[in-house]
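As written, the chain order gives the labels A, B and C, with residue 1 at the start of each chain.
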Amino acid sequence: MINPNEKNIFMGQIGHDKDLLEELTSICKDNNITLGKIEAIGAVQKGEVGYYDQKEKIYLTNSFNAPMEILTCNGNISLLNETPMVHAHITFANRDGSTCGGHLLTGTKVFACEYIIYQFTNATSLNRTKEKITGLNLWK
Amino acid sequence: MINPNEKNIFMGQIGHDKDLLEELTSICKDNNITLGKIEAIGAVQKGEVGYYDQKEKIYLTNSFNAPMEILTCNGNISLLNETPMVHAHITFANRDGSTCGGHLLTGTKVFACEYIIYQFTNATSLNRTKEKITGLNLWK
Amino acid sequence: MINPNEKNIFMGQIGHDKDLLEELTSICKDNNITLGKIEAIGAVQKGEVGYYDQKEKIYLTNSFNAPMEILTCNGNISLLNETPMVHAHITFANRDGSTCGGHLLTGTKVFACEYIIYQFTNATSLNRTKEKITGLNLWK
């Protein structure tokens, strides 16, 4: 466990037609956000999410090829191979209000999106490395 | 993109039988919160949410006339016509744990609700105006 | 309504096989977090959530005995009987991306989980007591 401090808040929009995960990651890289948290709402033209098979230790992909609302997009920012990595989970709503979601993957195409990113600072940063039991890249 | 600072945190409850969106908006107006973020959990007696038809550029309404948990209610506060506007998306859970949700609309009646609102301050505020491609009121 | 200040941020992981609610509560007790907010993403081996029957004024339990993603786990920390109490709601995603959720109960077994807890400070703390109309432990 670490006790970071808040340094900066970044609040803005992701452009129409952009890839949600790629854009969030670019914002972090461009602003040297190596630790922090992220949240967003909005809408997508299509969504691509992962589900981790805990037994096989691989991500499965669910593709939702429909316009949907982003009910939540919550996650954190830390380092993987010394590069900022956005780890976010996302919940979508369909036309009838039914919901779906998963681990945010590239391929999620923005219709409109409003984000708030908190940049944390800390003497000790969080670095992800492969953890044996789960097979995931977790914090050391 | 802007870089606001946190000014105040407001933490409290929305009264039984109140309209969720109207109350959140009132709190912002009464406390001069013109920029910020909002989050809440709780339960509703019924829910009213929007789904944006990205082709027709109109909001459709989904009415859920049942008691439900509020799993998430996340969003932001900015200005529309110089007045604080709460833009929030909400996820509900039904009796069997199934979920639904959308863009929070008036007509969502509170059973019990606990909110945390962050008031941001910034030299440049965010103002919403009609944007052509999406048809939505986005930040300039 | 109260206006707390942020004191500390706690960012870390919940261990594999741990009970999510018990661990979050322990973190609060161990660090004297009596007021604050909590958020987490990750995955569980199984989930146990509540749905409040607003008429009967009792919690019903929904047990989801499957590996699932944690799309959101949002809530707050305040006092019940002078002890820190975590009130959190959780949204899960299944293998096919379908979602479910409710009021987080003990019995939710962690696969991997990353949390951010904000500790608030305030002259006036929030204490929960039984409220008659809802039958819930709400803030006085």
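The definition used in the following text is that contacts are C-beta pairs under 8 Å (C-beta built on N, C-alpha and C of every residue); 3 or more make two chains touch, one makes a residue touch a chain.
The structure presented is a predicted model; accordingly, all values stated were derived computationally and were not measured.
Trainee: Building nodes from the protein chains and edges from chain pairs that touch, which of line, ring, star, complete or other describes the result?
Mentor: Looks like everything touches everything, fully connected.
Trainee: Which rotation angle, from 0 to 180°, best lines up the CA atoms of subunit A with subunit B, given as a multiple of 5?
Mentor: Answer in degrees: 120, to the nearest 5.
Trainee: Starting from the mean Cα coordinates of subunit A and subunit C, work out the distance between those two points in Å.
Mentor: So the centroids are 21 Å from each other.
Trainee: Find every residue in subunit C that makes contact with two or more other chains and list them.
Mentor: 6, 72, 74, 91, 99
Trainee: Under the definition above, what is the set of subunit B residues touching subunit C in their complex?
Mentor: Per the stated touch rule, the residues are 6, 8-13, 16, 27, 39, 41, 43, 45, 67, 69-72, 74, 91, 93-99, 111-112, 114, 116.
Trainee: What does subunit C use to touch subunit B in their complex?
Mentor: 1-6, 35, 37, 49, 51-55, 60, 62, 64, 72, 74-76, 87-91, 99-103, 120, 126, 131, 133-134, 136, 138-139
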